[in-house]
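Below are structures written as structure tokens.
Two complexes come next, and they have one chain in common, chain A, joined by chain B in the first and chain C in the second.
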Partner chain A sequence: MTQKDPKLLIQPGPQLRQQMTTPVVMRDVWYALTPATLAGIWFFGLGALLVLLTCIAGAVLTEWYFAPEEKRGYYIGDGSAILTGWLLGLTLPPALPLWMAFIGGVVAVGIGKTIWGGMGANIFNPALVGRAFLLATFPIAMTTWTAPGDFFTLSSSLFALPLMQSTVDTVTQASPLGLMKFEQIDTPFVDLLFGNTSGSLGETSGLLLILGGIYLWWRRDLDWRIPVGILGTAIIFSSILFLVDADKYPGPIFTTFAGGMLLGAIFMATDPVTSPLTKKGTWIFAVGIGILVVLIRVFGGFPEGIMYAILLMNAATPLIDSYTQPRVFGRELDSK
Partner chain B sequence: MNLFRRLNNSFDHGVFPHHHKEQTEQLAIQRLPFGKRFVMPLGQHVGAPAKPIVQAGDAVRRGQMIAEPGGFVSVALHSPVTGRVTGVGSERYADGTFQEAIVIEADQYDTQQMEVHPIDWEALSIEEFISEVQRAGIVGLGGAAFPCHVKYAIPDGNRIRSLLINGAECEPYLTNDHRQMMEQTEELLYGAEIVRQKLGAEEIVIGVEKNKPGAIRALQDAIKPGQPVRVMPLEVKYPQGAEKMLIKSVFDVEVPAGKLPRDVEVAVNNVGTIIAIAEYFQTGKPLIERVVTVSGPGVSYPANLIVPLGTPIREVLEFAGGLTSETRQVVLGGPMMGDSIADLDAPMLKGSSGVLALTEKETGRPQEYSCIRCGRCVEACPYFLNPARFARLAKSRMYEAMAESYNVMDCVECGCCTYSCPSGIPIVQHIRTAKDHLRSMKGKVQ
Partner chain C sequence: MGDLGWIFISTLLINNFVLAYFLGLCPFLGVSNKLEVSFRLGLATIFVMVVTALCAWILNTYVLIYAPYLRLISFIVVIASVVQLIEMVIKKLSPTLFRALGIFLPLITTNCAILGLAIFATNKGYGLWEGLVYALGAGMGFTLAIVLMAGIRQEVEGANEMPRLIRGFAFNLIISGILSMAFMGFAGLFSSS
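Let's look at the complex of A and B:
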């Protein structure tokens, strides 16, 4: 080394790091959501895309507004606000007035995340907080489902002005869950699988949601225990009910593919921030959601239950975590 | 899961960094030529610093004792070369500080040959044996530099059933143990037999990660029928070579928290340590040199080298072709538990198992993001601690809660949590801060 030494970096160990970073995790979820999102836009038309973009805009602007000025790039850069807006958008009716979608995005990030202390500190899934707010505030608009229709037709309800009565001009159709709950009409499985049915804009295509989940599992971004636990529990529980009275209760396949079950189980409940850290806790969390979904759908007042099921178990997460700490290596050996 | 781990000879949790051993695993051990100036820090082992017994101007022979143990948990130091002591004073240390050290200038005309004085170990009592090992300056060569003889002082009522030899070498890049197992197989088995007999152990188990098939084969070929030695291939996983993890992998026994391997009737020694013991009793050569892996993408000619202790790190790197311009960091030891070097003129120590030159690609760190509670650290921690919780509590300076509710003092700082964190949170560093704080508080109360 006749020349000068290179500048040497001094930093605490370990010197090696695995390559996965939080923004990469967020981007992986974007990629996983893309197929189901495109399917939603395909079935429900450009209006769905507008709803989605409005939600994302609401979420990102809120994040930007509340972030410390010098850290705005960093707050937006982790990609979580976009994801929150995106997930919220997927849970909304495709012809929801855009101003409501925007408020949903604002509430999701503002009340769902920022007031708790930002990224990683929130207890409830931000996207679902946004949705719960919208459902409580605009119950009619939030349960007006449009049937899949012409791609380029934009429903006038999209552009309704705030606080004005809007007229519904598109073909409305009850969602499969509503049909089942209130009229005991079953929806064909093929429609549920590919998404050619009414519902929230991103929840209808079961197949593509599962594909996204497999991608995330393959990328190790997703704890497989959560979707497996939720779906497994829901399937077992609904099978029991179905066997008790097949006319009154929906079967396990319907339970899995109708409504937001797959979207919730794969993309919402698996939000690491609001799910338990421990393996055992994760199972409790997932089984809890599975039971609550079926209970709410079958015995509750709402046709859909996944949102409240996840939010309720989110609330229980800190408690679950503190009761499921694994045994530390070399401690409490006697009780083994 | 547990059954799977048992079949696989491993412990639970841990991480799987790429091992990067291909650069040096096929390279035979070479001797680094003697340099001119050697620096022997007095406190390079765990415990009390050694006490110098030479003065500036004294002529010393290679292998001559230059400092005696400063207590029971301490070892002697020996001159790595024949030459002259030029001073005892403050010298540069790898971490950037200055430490008391003995400086020796090598005699350029000396051949550096040593006379052979075998020691009749069979005639020694256990106390004499322990004292010999201490006088030989032997410490754990895996990196911790813990005085080896302390492990052999078994209190009454305890006994050692198995001598476990740590050939896991789970740190990426390092191949010094691997090469020693292949090239010094006889010495290893001889040294192991000495320690086994002195401790009265029944068996010797050599744990080796499966990515060293050459070493496993060499050992199996060298073991004679009837010898109480077996080789156990282990899953390739970090930190397989951590003492308590290794015991779990090999014997399926957990060493209770706060206890030592001897409490489960096991003594653990590193491969290099056992070979150093063998060499001492065979030839009388104390610990004056060690095998070091020089590797990483920042050196041109990676190598496994016998390095005389006290050699400047710079000379080791120059022998390997010098640092490339991409080098951003030089690490002493392995990349998981080793330390960044602040000063290339600092000396090689007894615990320096490797010198690694890393580039941006290896050392680049993600920007630190908020914890997203993804649980990767929880699934990585081999002690089943909750690193995510630690990071969060440490940021709020709730150090007492970390100890009382979450057993932070059990952490061995293996670094699996920091390694696995996608948000780039320096979790181990938070834990170290907490442990230091708790130790200093404890001192004040007492």
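Let's look at the complex of A and C:
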């Protein structure tokens, strides 16, 4: 209902609109992810870029296919499907067969988001649903980490045909977390900081992920309580374990910078859709993730726990929300 | 970590009856639409499970050593009578709870999770205390799963934004699938220490 050539614009409120719409926030997250992504591609070569693009393609195609026909442009245009595929890609091993990456993208958007009713209705983080699905379905391919190598070399495992045995020709190398867990070898801090270690595509460079997080915080797209709560809890918990037995348990610096800790704490747990609404609830959520991560990493069967920790706390988010609702203004303190 | 503690954590999280063994799915899917009710059902299940473990131990120790072939049928009979007893007690003490649970107390009687508990505890050769802790862990694991499920379902069904195609039972199965994947993270917890 627009007027032609309005001298006096008549329309219902709100008259002043905030600039912070979904597409704007999504693009902010893209910019924040770019440095860490470029670093990942730099270290792991063009194959990493292919994995990333395939994930995004799977996610966007699924979104396009299931969107109502007349709204397809809007659904794709808000950038959330691209972001889901992108985040999923960053959590995958750089030499994952491409068809698996594609299925991951399809599951992430299809099962993780679309069937819940689309953007804003899902309980679980879509990218992590995709990753959990891939890890449960292809456990070997999902834990074959390659060492950072030559930029232009493409691993043949990338082009494995669907459902066929892939030939592994890459230089495999256990990730820092795996080394720590199964062989108790520490990785130098400098490598963890800049990302020159094996691991998932986008999780290796701690410094650039933190920079991205600071950008998001500065743009007010991110609730600082979540990363601070997660990292703080994990640091305190792992420091206690480290002080108990320094040979057996990883120290707080290793806990923070190795594996997907920073990627998960800054970019995945902070998803406004799947994290609690209240401040108190947010703290409970963050502390829960921090404890679960260290618990699964140190005592569990998997070397990495951030994905499961976030999914579990996502599952608890509705409960946290319903128990931390603030008192209605003017109500008495005790009445409930 | 002590043996009893390990049994507890293991049945609570790692080998969760609902999310890892897929036992007790009927109440898990059927009664999980309201938080309050599902929590009460969880409490009832904990209680029934503990009583079941006690009965199973008594049966195993004093009766079944003379007639091992009666194991399955005697478990079923004992569990059924125990649940009938509990139903009567609840009806007398708390009519509200009885109305809230309604049909589901008899449903617990024939629940595979209860029979499964008795058989698992027997097969693993648990003694009295181990069996009781096992039952407590299993019941609390069931409660945890059903309460998480109810929280999610309340939120999602309140918003009611899912495509019409998938609403209802199919969607509950998908939620439980994702929950089950999340619980996979506990696999192997405390097994090395």
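We adopt the following convention: the second predicted complex is superposed on the first by the 321 of 336 C-alpha atoms of A that agree within 3 Å, B and C clash if a C-alpha of one lies under 4 Å from a C-alpha of the other, contacts with A are read in each partner's own complex, and residues count from 1 in each chain.
Everything that follows uses one rule, which is that a contact is a pair of C-beta atoms (placed from the backbone, for glycine too) under 8 Å apart; a residue touches a chain by one contact, two chains touch by 3 or more.
Given the structure is predicted, the values throughout are model-derived calculations rather than measurements.
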Discussion item. Just checking: does A:Phe133 make contact with chain B only, chain C only, both, or neither of them? Give me first, second, both or neither.
Written reply: second
Worksheet item: Thinking of the overlay built on chain A, is A:Arg327 touched by chain B (first), by chain C (second), by both, or by neither?
Response: first
Practice prompt. Tell me which partner A:Val24 touches in the superposition: chain B (first), chain C (second), both or neither.
Written response: first
Discussion item. Tell me the contact category for A:Ala121 with respect to chain B and chain C: first, second, both or neither.
Written reply: both
Discussion item. Quick check on the superposed pair: does A:Leu8 touch chain B, chain C, both, or neither? Answer first, second, both or neither.
Written reply: first
Worksheet item: Which partner, once the models are overlaid, touches more of chain A's residues, chain C or chain B?
Response: B
Discussion item. From the superposed pair, tell me which chain A residues show up as contacts to chain B and also as contacts to chain C.
Written reply: 118, 121
Response to the item:
Interface with chain C, chain A side, in the complex: residues 111, 114-118, 121, 123-124, 129, 132-133, 136, 292, 295-296, 299-302, 305, 307-309, 311-312, 314-316, 318-319, 321-322
Worksheet entry | List of chain B residues in touch with chain A within their complex | 15, 17, 96, 172, 244, 248, 254-259, 314, 317-318, 322-323, 325, 327-331, 335-342, 344, 356, 358, 362-367, 369-375, 378-379, 382-386, 388-389, 406-407, 410, 415, 418-424, 426, 428-429, 432
Worksheet, complete the sentence: Residue set of chain A touching chain B in the complex reads 1, 5-18, 20-25, 74, 78, 80, 118-121, 223, 272-275, 277-279, 325-331, 333
Worksheet item: Once bound in the complex, which stretches of chain C touch chain A?
Response: 35, 147-148, 151-152, 154-156, 159-163, 166, 171, 174-175, 178-179, 181-193
